[in-house]
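What follows is a pair of complexes built around chain A, which joins chain B in one and chain C in the other.
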Partner chain A sequence: MRTTDDPVLARVLDVIRANALEIVPDADPQAVVPHSSLADIGANSIDRADIVAMTMEQLGIVVPVAEFAQVRDIGTLAELLRRHLP
Partner chain B sequence: MNASAAYGIEQLNVYAGLAQIPVPALFAGRGLDPQRLDNLRMRNRSVGLPFEDPVTNAVNAARPIIDRLTPEERDAIELLITSTESGLDLSKSVASYVHEYLGLSRNCRMFEVKQACYGATGALQLAVGYLASGVAPGAKALVIATDVALVDARAGYAEPATGHGAVALLVGADPGVLAVDLGAYGTYGYETLDSARPTPEFDIADVDRSLFAYLDCLSNSFRDYTCRVADVDFVRTFPYLALHTPFVGLVRAAHRKMMREAGRSTGAVEADFHRRVWPSLVYPAQVGNLCSGSVYLALASLLDQATPAESTRVGLYSYGSGCASEFFSGVVDAESTRRVAAMGIGAHLARRRAVDFDTYTRLLEETRHVLRPEADRRVDIDPYADFLQPQRPLLVHTGTKQFHRRYEWC
Partner chain C sequence: MSGRPVPPSRVAVTGAGILCAIADSLETFAAALYSGRSGIGVRSVEATGGTVLSADLTGFDFPTAVAARAALPEELRRVALRVSGRAPLAVRAAVTVALQAWEAAELHRVPVAGERIGVVVGGHNLAGAYTERLRPRYDASPVYLPGRFALHMLDTDHVGMVSQILGITGEGFTVGGASASGNVALINACRLLAAGEVDVCLVIGALADLSAMERQAFVNLGAMAGARGTSDPGSRARPFDADREGFVPGEAAACLVLESAESVRRRGVRPLGGVAGYALRLDGNSLADPDAAGEARAMAEALRRAGLNPADVDYVNSHGTGSRLGDETEVAALHKVFGSDIGRPWVNSTKGLLGHTLWAAGVVEAVATLVQLRDGFVHPNANLEHPIDAACRFVGTRAQRASLRVAMSNAFGFGGFNTSVVLTAAEPATESA
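Moving on, here comes the complex of A and B:
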């Protein structure tokens, strides 16, 4: 996924990355990339809920829980959140 | 109606079975990653025996409360509601058996409710509102949350967090355990399939969706509470909190999220957690998730551990998958501490026999079919007689005859 094509998507990815590294301080920053999952970088189930909640809060959006079913990795999470931005 | 009258929980008792397995032993037996124990923060979990079911758990939780009542007080119980996600029949309620074995009045209204781990709170709120309406002066209600665990290795990390047992709440106008703040509540719910029990032998648990919905509903039910009650602050208004506890680690995350939303600094979170929340988690960490009884197990833990001596407000949160939730509050005091201590819940938990992993898996082979409808079945008590506690009579399930469930006192 080329993030540079879409500056808004790049910003969403930045927010996810910053929150992931705050919640999982031991994660390798190089590993927080679109094709990794949050579980891959060592986030447990609570961490994942925390990262997503913080990201939505900072972006000022609310995404219905059911829509997260389609999320497979950090990239698809970012795309989902991106779609809910005004 | 007397406008100054208080209503709420008069007595609270917990029955969490007769057996428990140390959670590290369950992790080792299933080959689960021991590093994740820290996230779960569970010490033991209650384990069901073949002669236990939702009826025996309910009756064994409520009997010590009933035994303390005079015959007149017992007959004042005009409403019995069982809350369970372990229903035994699509038509006949668990309440009908519970009514019989508790010897309640034939003029008692009885039924069963279901809304995953939220059911008992919905029942409590309706019971409190009903009694407060004044249509049945002097009446009491009995709300019992009762469940059994069906999880096995397929449940992954949910297996070590799932409990077994029941919580009984006697509700009335002498709310010595918890005086419910009438009208102070917030609710939030919507349809989602985060966890469910589509058959009598199988649980669905979508962990990520469930944790997310729990946290989402906490924020939103609390927001609804603040719309109904003036000048509420998540920290100042509630010196103690008791939250539905699927596992201890989730409550920690929920508290952290609420503190963040209340504008508190990260540095304040840990000390606040230990002061306001930790006392409520001691029993849940020894029992596991008691479904809709979980928040009341947390309340019992809070009262036994923090032993409040003065009038103190508690914030309570109930969440049930599917999903429905409620944030509400009530007041506890020295009398609450005294009444719950008199039930000896900590001693009951300590008396459960520890089983090793091999015994646990053998038990699971029998107990995970406890809800499967079978016309005729005999349950042999003798191999498990050592688990029975001589301290008090316990109801046991002895089998079914033409689908009619049979019970005996031991």
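Moving on, here comes the complex of A and C:
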């Protein structure tokens, strides 16, 4: 399900989604969409930290911890990570 | 065999679980011990390109192990997978054996309030290999280190995970005593019961998932077998044999459910056996330097607390690591304790079959002792061709049928830890259920 025309952002969303489903295997895949939060899909605080670290590692980027304060949902998380991609 | 009645144990064992190189359940464990199957093999070492002797778990798969507990409620199995599915090996092993023991104790069928249940985990330095595996991610960038590491690096993660899954809200903690850690846990669980803090207490011997550095440290100390190479691994752990060369490390976790006599009566469950006495004594010595006097003090005190004499002991599950000095020292200690009765109790070492399971050993070997008491046999001493002592009644390389009532299980640890526990067979079933 594509929810953006930006192919790079779409890729970031795909990586987040794959990691979210790996860490929270009982989450509903249909629920992992930009307007829902990781908490909404059943990820606890530790799960969320893992999903973010795995996603940064796979994308090869390092985002300062302070910047995550602006993240509201999966969509804003993807946009933040997107901005750090070369 | 003396006909003296054995005093009833104040603490009952109502469930047990085991995961080791030769078994993944109590029943497969009993059969493997009887047949004397060796779990010792080799594993490769990345840093050297060589191999080391090791008794590793084979084919352990956490989802399969959880699914095997079919008698447990589906929701409990689901929670176990969700909570611990991504945890380090040692934690997944602890949860596996806890579920086995929980099922065996029928705690799912005849429950006890969570706040009346405790959990004591024996072991320390439990995240060595897990930490080592994460190191490359940290080196790539510190932010890639999973947040989860903050919990999993703590030995107490074992307590948190097991208590969350099983709804245990009484007391819980980890205890340590090097290779005596399992017995230290058993002793502390007995005390929680005696103090009335809990009615039921899980005792977990935590799996030693050694990092390559930790493993090498034992090699460099000269404690581990393998200096002569790694060929014919099944012959290399030889407790009490003249040709022994050190211990072979083994992966295992085990769990016992201890329960007060009152709770056993209330729940109407049948014990597997009992804990009659125990003792922990230090040598006042930080080294890897065992002392026969300290070991003998622990054994004698455990018997005294059980209200038993050395002549009442039918079987000793020795610490018996296969180390040159350690085995000699334990034989000397057995002579001190048993004196002219030295030829009476059977003596074997489970480490010849499973390797030395280190922190878990006390609990693993308590489980081994309890199944031998229950089933009436003593398992073989692997590779015991030339015993170092003619007076001790070592089991040979084949199992022996034996009617056993009282057993002693020893565990000693680097840094002067001497522990011994006295275990008793369950009383024969009587008219009332």
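Note that the second predicted complex is superposed on the first by the 82 of 86 C-alpha atoms of A that agree within 3 Å, B and C clash if a C-alpha of one lies under 4 Å from a C-alpha of the other, contacts with A are read in each partner's own complex, and residues count from 1 in each chain.
Just so we're on the same page, a residue touches a chain if its C-beta (ideal position, glycine included) is under 8 Å from a C-beta of that chain, and two chains touch if they have at least 3 such contacts.
The structure displayed is predicted, hence computed values, not measured ones.
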item: Chain A as common anchor, with chain B and chain C clashing or fitting; value: clash
item: Which of chain B and chain C A:Asn44 touches, first, second, both or neither; value: first
item: Partner chain(s) touched by A:Ala53 [first = chain B, second = chain C, both, neither]; value: both
item: Touching partner for A:Ala66 - first (chain B), second (chain C), both, neither; value: first
item: Candidates 19-27, 127-135, 271-279 or 343-351 of chain C: the single one with C-alpha clashes against chain B; value: 127-135
item: Set intersection of chain A contacts, chain C complex versus chain B complex; value: 45-46, 48-50, 53-54, 57, 65
item: Residue ranges of chain B in contact with chain A within the complex; value: 36, 39, 157, 190, 192, 194, 207-209, 211-213, 215-216, 249-250, 252-253, 256-257, 260-261
item: In the complex, chain A residues that touch chain B; value: 44-46, 48-50, 52-54, 57, 64-66, 68-69
item: Chain C-facing residues of chain A, complex; value: 23, 25-26, 45-46, 48-50, 53-54, 56-57, 62-63, 65
item: Touch list for chain C against partner chain A, complex; value: 78, 82, 85-86, 137, 140-141, 143-148, 150-151
